[in-house]
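Just so it is clear, A, B, C and D label the chains in written order, and each chain counts residues from 1 on its own.
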Amino acid sequence: MIQGTDEKEPMKMNSTEIAQRCADSMFARDKASRELGITVEIGGAGSATARMAVSDCMINGLGVCHGGYIFTLADSAFAFACNGYDRVTFAASATIEFVLAARLGDSLVAEARERFRGKRVGIYDVAVHNQDGQLVALFRGRSKTTEAPVISGYRD
Amino acid sequence: MIQGTDEKEPMKMNSTEIAQRCADSMFARDKASRELGITVEIGGAGSATARMAVSDCMINGLGVCHGGYIFTLADSAFAFACNGYDRVTFAASATIEFVLAARLGDSLVAEARERFRGKRVGIYDVAVHNQDGQLVALFRGRSKTTEAPVISGYRD
Amino acid sequence: MIQGTDEKEPMKMNSTEIAQRCADSMFARDKASRELGITVEIGGAGSATARMAVSDCMINGLGVCHGGYIFTLADSAFAFACNGYDRVTFAASATIEFVLAARLGDSLVAEARERFRGKRVGIYDVAVHNQDGQLVALFRGRSKTTEAPVISGYRD
Amino acid sequence: MIQGTDEKEPMKMNSTEIAQRCADSMFARDKASRELGITVEIGGAGSATARMAVSDCMINGLGVCHGGYIFTLADSAFAFACNGYDRVTFAASATIEFVLAARLGDSLVAEARERFRGKRVGIYDVAVHNQDGQLVALFRGRSKTTEAPVISGYRD
């Protein structure tokens, strides 16, 4: 910004821009996702894609990727999808169906799509596939929306 | 056993000893749980308690423990509970209800109890509490049993 | 209130009596449960037992009790358990694990127990057994509490 | 069949025809669905649409349609979707998210779609809407396939 811009004036952003700003704001603070090497793309409000490679530290006692990390990837996609409306939104509950084991070196992609959004409750489906396009897991999350903004200071 | 060390003779172990041996065998290979600092106690076949401290790398974009790590802790307790019969057992599906946010420094404990065990299917409930005894999450896992032994070589 | 037996004076009831009154009030209006022959016992606030015999009209295309009726029985037990605090409470979500088929003539009993109750959210587990004590299904319901009273006029 | 047809020769049917035959065979025996006035359309193997009007006998103690009947409708759609491959298939587990109450006289439609089908396990999503196109519930079912045929005698 160079000159003549009134920083106090709220920016006019469309819904996709708001969703992207929310994601940027969250991701900057999201150590959990970043330390796992998770990357996130926003496809518009209510939609997000998260990617993660299965690393050595994710292998469980049965020699495959711990289901907790598959859930974590899906949960991250869910979080970025449901927090794209600039209202802090938490997971209330989630279910996951494990279909195929993920293995060391797999590149997983989790696509979150909104199925329902009411005033306080949202429902999001996340499908996790591996690099061969095989379905690894199906996740469904129920979200609870609060009044707090995601983008700090945006509405000041 | 009276004399000599006949390594080929199968040891006589009761169900709790078998469960403990399965847990030892799994834990030794379970990088995922160990790298997170998770510890596991076996309370007999079908029962396990897992503990984890919420560290800095588990904090998400909303400033609390990523739900994925709460799930991971519960899923570890579930895995150790359902693999205590010396049959490799996987998670088929799971549900989690998030009740209270976990925060940096919290000491979480996940107690897994068997609710049903058939030939191939098992159902396990896991309750996660924090250090103040407050309920953080309720998890229910459905397991699928295979024919493979957990304790390598035990039945040779 | 000064003298005599003023019927407008609120009765003093303990929590079990309130739960019983809520159940009586709900059951009188609950055509769904009554037409299925479901009976309900209250074990105190947060606790209920519902019973149902599997009748001919509940048999599905595979020759066993339609899972919908097993769910309905469990859901009724859940509803009576979570509405015992004189606040109208709805089911937000539920999960059910089917363990054993129920058959024509079976006498099913569903026992609902509270696992968590917060200001607005509750979690209840329901186990359904048959007349031989065999587990038929495990149900978990998440409830949402409103401000409306269950016992009409009780607080007038 | 009049003459010249060899009844022992297996009919050649495509997957949609097989799915329709399975549905016809099941529906003829499915007293539960028929007594509730449920109708079923098959959209091909793995896909089914079930419809039901909310009648007086489905109203619960809170004055709305008992969640058990919404589940039952979704479960019927699920059953017809997953039994369309001529292998008897049962529900192993299911989850339902209740979004909007259904009321007396509502015409509900449940659309089941296959999300995954393996050798023994299938996952199906069912969305239930009312006559105004509003989402009432989202259901997800996990199925377990047996070796038995649905169409009796078809493979004799």
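In this section, a contact is a pair of C-beta atoms (placed from the backbone, for glycine too) under 8 Å apart; a residue touches a chain by one contact, two chains touch by 3 or more.
Everything quoted here is computed from the prediction, not taken from an experiment.
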Higher-contact pair (C-beta pairs counted), B-D versus B-C: B-C
Chain whose average C-alpha position is farthest from subunit D's own: B
Subunit C and subunit D: spacing of chain centres that average the CA atoms, whole Å: 27
Intercentroid distance (Cα basis), subunit D paired with subunit B, Å: 36
Distance between chain centroids, defined by C-alpha means - subunit B, subunit C (Å): 32
Multi-partner residues of subunit A (at least 2 other chains): 92-93, 95, 97, 121, 142
Subunit C residues touching subunit D - in the complex, by the definition given at the top: 25-33, 35, 56-63, 65-69, 71-73, 75-76, 79, 83, 88, 90-98, 101
Complex interface listing, subunit B residues touching subunit C: 95, 97, 99, 115-116, 118, 121, 123, 125, 127, 135, 138, 140, 142
Residue numbers on subunit B that touch subunit D, as the complex places them: 92-93, 95, 121, 142
